[in-house]
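Letters are used for the chains, namely A, B and C, taken in the order the chains are written, and counting of residues starts over at 1 for each.
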Amino acid sequence: MNIEYHLSDILNFLGAEASDAKDVLITGLASLENANRGDISFVANTRHAKSLAECNATAVIMPRGYENDYSGVCVFSKDPYLSYAKLSKWFDTAVKRPAGVHPTAILAGDATIGADVSLGPNVVIESEVLISDGCQIGANTFIGARSRVGANCLIESNVSIYHDVLIGDSVTIHSGAVIGSDGFGFAPNGEGGWQKIYQLGGVSIGDRVEIGACSTIDRGALDDTIIGDGVILDNHVMIAHNVRVGDNTAMAAFAGIAGSAKIGKNCFFAGDAACLGHLEVADNVQITARSYVTKSIKKSGSYSNGGLPLMESRKWRRNAVNFGKLAKIVKPVTDKELDG
Amino acid sequence: MNIEYHLSDILNFLGAEASDAKDVLITGLASLENANRGDISFVANTRHAKSLAECNATAVIMPRGYENDYSGVCVFSKDPYLSYAKLSKWFDTAVKRPAGVHPTAILAGDATIGADVSLGPNVVIESEVLISDGCQIGANTFIGARSRVGANCLIESNVSIYHDVLIGDSVTIHSGAVIGSDGFGFAPNGEGGWQKIYQLGGVSIGDRVEIGACSTIDRGALDDTIIGDGVILDNHVMIAHNVRVGDNTAMAAFAGIAGSAKIGKNCFFAGDAACLGHLEVADNVQITARSYVTKSIKKSGSYSNGGLPLMESRKWRRNAVNFGKLAKIVKPVTDKELDG
Amino acid sequence: MNIEYHLSDILNFLGAEASDAKDVLITGLASLENANRGDISFVANTRHAKSLAECNATAVIMPRGYENDYSGVCVFSKDPYLSYAKLSKWFDTAVKRPAGVHPTAILAGDATIGADVSLGPNVVIESEVLISDGCQIGANTFIGARSRVGANCLIESNVSIYHDVLIGDSVTIHSGAVIGSDGFGFAPNGEGGWQKIYQLGGVSIGDRVEIGACSTIDRGALDDTIIGDGVILDNHVMIAHNVRVGDNTAMAAFAGIAGSAKIGKNCFFAGDAACLGHLEVADNVQITARSYVTKSIKKSGSYSNGGLPLMESRKWRRNAVNFGKLAKIVKPVTDKELDG
């Protein structure tokens, strides 16, 4: 694909000034190390600024103060990383599928499809579904009865959306994701087995949410599972039934939130971080990689219980075998303390 | 959807008595806090009984002894949570697809389809497959050659079932699940690479099993991977090749059982709990969240090796850096002890 | 299925000698314990050799020296496990779909399909895709624009491959896997929310790679995510954007490599092992189960930070509550040390 932009248009879009009035052509976006002539690059971190001298990019987005280190066009930004993020869309190579319903899509007669919607091959849309304007629905995706998808959503291929799921505007859902599957609800049946609890709630997802590949969000047992606006979920994330996730909270891969937990706004769950069920986590809480919330957190901050020092396995085992003696050498714990 | 039941029918179904002979109409099922007029609710835990006074439900399922706390109709049950679980099916809003083969389903000529089966759009059924009476197979699901699905199974959309998989009666499989994929079997090829070991076994799944979204059960290397009756698996569960899981065992999200492990009956693996390969776990064993079985367990009970106390990350790091000194301060471990 | 081979053909294929010139018929491949008359079996480990006396197999692949323990035909191999692995393909019961494009497959006019390719039902192939000779693409699989699949690949059902993904020869991809989904890239937007960073790189996968069910490999932010030749990934593996994985590295289920990490050749990540972002791991490194790389590893060897001793939960809690006192009893850590 041949992409070509006038630098002046980029400056307008970013609201940025340049060190040079020359309106060069920009044909790519690249990191400082890999940029070639024609590319625009960016100083993501001023620690990287020392490589500016060797950078081959035609233009570089940078904070003021580094213009002497670089011989190309300097594009000034107070937040070059954010400017790069905004500009990245101009260089996206993902196919924007044309509006229209593929002849193999299967559409219930009472579904409502907005304007400028693209329904890919083999898409299945059940009864009373609403797909709002500007949505793109990828091949082989299923959307169950009465679910509603807001405007300008991008739902990739092989996504499964069950019945009675509400999705806001500008939501992206990646392949393999499952929204609205049954929560893991079973009652002991008194005979050693399990009685399934039918999951009567739905899922409600806000605006500008991103849901990664193979992530799952279960429907609520009685009420809805709720994902706030601006929430971003990486791949393999698990949101159990009745969970509430506050606006703009981010969760990296393998993060898991157990049933009925309530996570605040602007939280960050690092990779493989988790929260046990029925707990509450305040706003602005960070859970570090592989840590998990074992009691409610009322105060913003960073919390951990995972991440011991990496060492040679033989050394690790020497230490680990002694873990079971901590109670003896540090402080014996009475039954009363443990249960208290 | 308008759901309306006579309380008398509910009492009959549950085999329960009520505090009041009036045959009210019930239009919903809700928690004590969220119930409105018309709803039936339940006391899941007697700790919640104090909210009975403010509960707006028309009827509440409860143990005897709380009737003075509540002004509506009391429905008496020794196990209100189980009664709720049983009753939940009456309020399920999932679409029951009508029997029939969707015109876009692709069906091998020698496949056998029972009575009252619903095959959704784009379902693909290979040669010699058997789908028994009363099954519902969701859109875009694939079922490979010679696999057999028992009666009254619900297989959701976008499920992948490989060849030679045996599934019992009344099994539910959620979207994105994969049954019968190759076990992770490779032999070092003597040249630094890997020789694939073709996985010749199948998968055998009992009756009344539930398999969550994006969970995977690999086929056996030589013999079958076996899942007992009544097993319930949450989302993102991994069952490796040759594993055997005993009847009624439950596994929460991200639980993983490595190759050839044998898990007993009525076990519970909490979220992210696991078992290493080739081990045996007795019946009635609980593995707590994020713990994993490192040696065979012969005695029922609850076991852990995960779940350190959550603390502020800075404090965590102060403690964690000292982990590598445990062997020194507690008890040095000799090479002989470590290998023994 | 009736499989029947002459032992002489098996000996030729393996380049092996037998203890007996009789050209028996072999009808199955089984473990020592489960083998019946007609089967060929193998001594995977000389610890198992003692069961040779009771083995009912017609022939057993074994190292020299055990022929007196066994009354059937001995097939001699220096590496019986590798011989078994090679031979396993002869007994594979997976359906080899005939070459041809299923009438329901949807193929862009400018896609290129090689010789002897099987495209299953509902396969969707976008513009400018290349599928090389001998590939089998399973039902309901999606392959996005400009992606290229090398020769003799097996891509199972319900796989999602995004645009601009390069796949080498003889690659196997299991159901539910997602290749080329967006990396988890977002910049804080200065208003408490997130600005998506469009992911402009692709994914490049070498030859002879195996990718397990429900595993995900994200596309790069600017450059490609790269998987070397001979890499084997189990189910539920997560490879984030810009990661590089060296040749022949193996990763078990739930392994996760965070963004921009560079993993060497011939490494092994056990189940649930992980690596934080932007780190480098040397060749020939093993990370044990549930451990994760917190700093770059420059020297080959086995490393751990997970795997504490399993104990009864009550005893575990007694020890775990003391973890927060390690810094006191072992060695106080100053702020300077922690930040240093």
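Keep in mind that, in the parts below, a contact is a pair of C-beta atoms (placed from the backbone, for glycine too) under 8 Å apart; a residue touches a chain by one contact, two chains touch by 3 or more.
Treat the numbers as computed from the prediction; the structure is a model and nothing was measured.
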| said: I want to confirm something about subunit A and subunit B. Since they are copies of the same sequence, is their interface symmetric in residue numbering (over half shared, so same) or not (under half, so different)? | reply: different
| Between subunit A and its twin subunit C, rotation from the CA superposition, multiple of 5 degrees | 120
| remark: CA centroids of subunit A and subunit B: separation to the nearest Å works out as 26
| request: Among the residues of subunit B, pick out those that touch two or more other chains and give their numbers. | output: 104, 122, 140, 158, 176, 214, 236, 254, 272, 307-309, 311, 314, 317, 320-321, 323, 325-326, 329
| query | Hey, which residues of subunit C end up touching subunit A in the complex? | reply | 104, 106, 122, 124, 126-127, 140, 142, 144-145, 158-160, 162-164, 176-178, 181-182, 184-190, 192-200, 214, 216, 218, 222-223, 236, 238, 240, 254, 256, 258, 272, 274, 276, 286, 288, 291-295, 297, 301-309, 311, 314-315, 317-323, 325-326, 329
| request: Report the residues of subunit A in contact with subunit C in the complex, numbered from low to high. | output: 29-31, 34, 79, 81-82, 84-86, 88-89, 91-95, 102, 104, 120-122, 138-140, 156-158, 172, 174-176, 208, 210, 212-214, 229-230, 232, 234-236, 247-248, 250, 252-254, 266, 271-272, 289-290, 307-314, 316-317, 320-321, 323-327, 329-333, 337-338
